[in-house]
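So that you can tell them apart, the chains are marked A, B, C and D in the order they are listed, and the count of residues begins at 1 in each.
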């Protein structure tokens, strides 16, 4: 039975995203994980790193050697740090594997922009050209035909989905966009440091990397494509004392007479066929608790007539629609599976 | 396709247990929820009460009228407050429905004990006689043949599973048992009160109902049956600032020369075929984070030779193995489904 | 010894603000609390409502009868719900008492604006004229001479202090102001409701009252006075899973060539003599954890040259600088005490 | 004015205990901190390490050189890791300084027991003989005359205070004692590691070091002295997702006919003159939230007649009565200050 299933490798499997990929893939009907890599934990059972998986897998971690991994798996999820993913993607690509890369390395189509924000040059500009930005709501058809998907960042997923309908329609001033995001701590990864030591974070709240966060160019790239001109945004991420979730509050000046009713209708229409975007009823706004562990992006939208601004609020689980869930949604599209396979679950509440 | 599926009703569907039943049943391959009841929310979509279910169901809440519900469903989960469940169980039973009752009303086989702890008489003592205490690890064969299951309380599940191997074997002094439990706040239900107002609970910690909690007689009933004599325990529950999870720390005096190795081996043997009990490797102890959203009970055990006491620690998700998950495990047994159907998922971490 | 101390009454003493007033006043060298009122808890010791005060006071709650309270106290803090405070303030004022009113009833100088946002008429417009908005950093001299202070709201305190230097100087476009605030749950008060039930809030995050929060006109009133013209703002509050603290992130378009250095210098100069405002070093931004339990407002500021926007972040403890601490600071000014008396404490970290 | 104040040095000042000592000493009327040491942060302002102290001190950290520190300070708090404190205490002692050592190095009077549990020999057994265990409720008179105080561990403070009255009176079986403690995360110190990384701890709960925690011999030493015979205890610490606080639940078999009323009266009598122990009214039990930031130990006690066991629950703030607050209480006694000076503050709630 498992012989017919798609064989999957997860590289960089010991971070939170790797663990979440494994959790979600375990409930996918058409795949089986056959390799997990970790340099640091090579030889150890993955359940030593992730005791919540105990009883569900007996895989051992192994070093990341693409030639060896390629013999064990036909589809590769890369959850490596940026810069490190450049080579790994290249090698798996040359070996003919289908890839979803969860790093930032193949998201920015312009290598100069990559170099500016990530302070490293890109060694595979030709590969950049064929990589597709894996936001299904915008690029579904391209994703279906692609062998290399750059999975969007967590913040960009919530920001772009929140703005796509209205910026595409030209109803807002693209110079006026302000994106204020609030993320749970798992977004910072699983490497311990004083900054994420429990008593430092709990009962605390701060903004960070104001105007300088690396997800900025990714958001601008996609919004620019939608608007048809260069878009520059203000983006401020914040660290919230919770495990999961990103709430993004977006402000922009409305250009024409678009009141709350019209804007809400626009969003409903834009996303009416999307399996994982829930536009909430008018005057309702999302809460990250309702998307925890689920692949949904919940959206609420209103126009404040006092100020002439639209306010959009989006909620995602940063590890699911913001990472592993979206990666699997991309895999489903690339493989011709049902797009919702393994993903159409309710969130965990409370 | 859905026509062939088992039709399920959830009564008292607007509490946390009701919501969790719904979430889990949505991923069960052989059932479909056809009715949800709530007096207070009758006429409203269940997704108004539980926005995390939006997009996954369009059911409306209806009042609890057993005659009407019985026409819509063949299997009933009752998630009503105790005392209230007495009648509802009776009526569905008379109507020939299979029932898992998640209240306390049918857990205590002796109506006098029920009356003593719940301060109400039991109106259906004859039904008590046929109700089976739904802890599959102890009563699997009886459950398979039963039409009325009393689903165990959350605390008793962790406490009884933690003691069953060693008390059955007679290795501990049954007079020496102390059970110190720590629960997340969802265990208190979804009715708001000052006691569970966020700022009152967060960054707080307390014991409550010391020696008087109503789960005490349920634990004693099962331990007495296992030991073959009357067992009286000290039981102290505590309220922990987290949403889900119960950690139970159990102390008892070891009667014979049973060191950590022998006791650990006993637990491994006792639970080796159990799909939802994970006895951890020696010198490892459970953390509720590893069972969050999952139906597992994780167990660690050691003997402290300085004091001659065994210390057992168990972890469950109070809403899953401690309520809704165990209820579905019971349904699977009652209906002849695979016992793990819809339940063999990894926990959510982090 | 206590005879020489200023006698204080706290009305509405059983909410979080009332409790915090009591905690802070206990460490004030020149005052003594002689009366606490609560209709609901009349006759009970205040320590029944606030066990953390046990051993420090033996006062009993009493009903709010201004004639009786006025005989026991010479200074009154009113921590009543809005609308209810209108009369109470009037009666204590007529009785010749000095008052700090922590409700919203006397903050808006224009009764029409009050009526528009609070949906009640103001019965004492003449009293509104003499009430002073109690933000010492802006109105210190008026406060010193006043007998009736309207203590600012929690959100307005962080928002106004964050904008005062730059709007007064005319360096930003007053039409471009966006204020995105994040508050701990104690800001919602001590009345339990499902919305603030622990499992509903914990691991959750949402925006609320977008564009319609009642603190909006208060912020606009003060910013308009500083700018010399009508200012209309976008204001969005968010609920954060923590007990205390407000972080406010403010965006505005810079009108002239004001880079980060110049703007930072402006803030340092503006607040250099303020005992409770800490302008952080350049490129540092505040965290609410550093002001927990303290009367400080921490401020960080930068200019994003890519977008031409200034971003200001402020942090306060909503119950201290955002309520009780500021009220005591006002009392100190009104009574000629040292402004920092009882307030110059370090925050509680962690 | 400051010239007349006692000059204080804090060594190892960059951990949570060091920071808390500083916070509390800032509000002490008779002392001034003149030196803070940290090897790692030497030369940096202490406010760089603890931004919550900004505006309240301008001290720079310096290396720990006892000869230099001794010229700046007359009283030394040592907040160094165990083993490291051995020498530092010795050197300050030789230099004639009064010392409160917050490490474990001078708590165990028997150097063999120290070596057994801490796996290092004790190089200053003669100094051990003059060190006094600094629990004022038990050793007040000795503390007053001592120049070297070993400040109790956080867990032992709550455990010993919870048992002292009843074990001294001989009302319990000393072989039956079980101590189940639950601690906030600040107890683990400020060194980051994966174990205390926010998403690993939040929404988690576990027991650790079951039967092997190093605070065990310290508890046994004091209980043995009170009981007049060797006492061996079961002690299990747990990690709770909150910043501060220890709740300790204690079980023991009552030897004679001591019901709840008599036992409660015994506790009231034993602690009636203690400024920092609050025995709660009968049938009430403590919550750590009521002692947060305060030097109180709250105690509740009951006898469960079903099992013949006394259950005692105590609550402290691990950084205050469990560390820095108790250290200052000891200093007050050693210096002849009012015992409550700088400490008689209400806790922070919420």
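Assume contacts are C-beta pairs under 8 Å (C-beta built on N, C-alpha and C of every residue); 3 or more make two chains touch, one makes a residue touch a chain.
Since we're looking at a predicted model, the values are computed, not measured.
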item	value
Winner on C-beta contact pairs when C-D is weighed against B-C	C-D
Farthest chain (mean CA position) relative to chain A	D
Chain centre separation in whole Å, for chain C relative to chain B (CA means)	46
Computed distance of Cα centres, chain D from chain C, in Å	36
Sites on chain D at which at least two other chains make contact	16, 184, 186, 199, 202-203, 241-244, 287, 289, 292, 350
Residues of chain B touching chain D in the complex	178, 180, 182, 184, 199-200, 202-208, 210-211, 232-234, 236, 238, 240-245, 247, 249, 251, 285-289, 292, 300, 302, 304, 306-307, 309, 311, 313, 315, 350
Contacting residues of chain A [partner chain D, same complex]	16, 184-186, 190, 192-194, 196-199, 201-203, 241-243
Of all residues in chain A, those that touch chain B in their complex	16, 19, 22-23, 26-27, 50-56, 186, 203, 243-244, 278, 280, 287, 289-294, 296, 298, 344-350
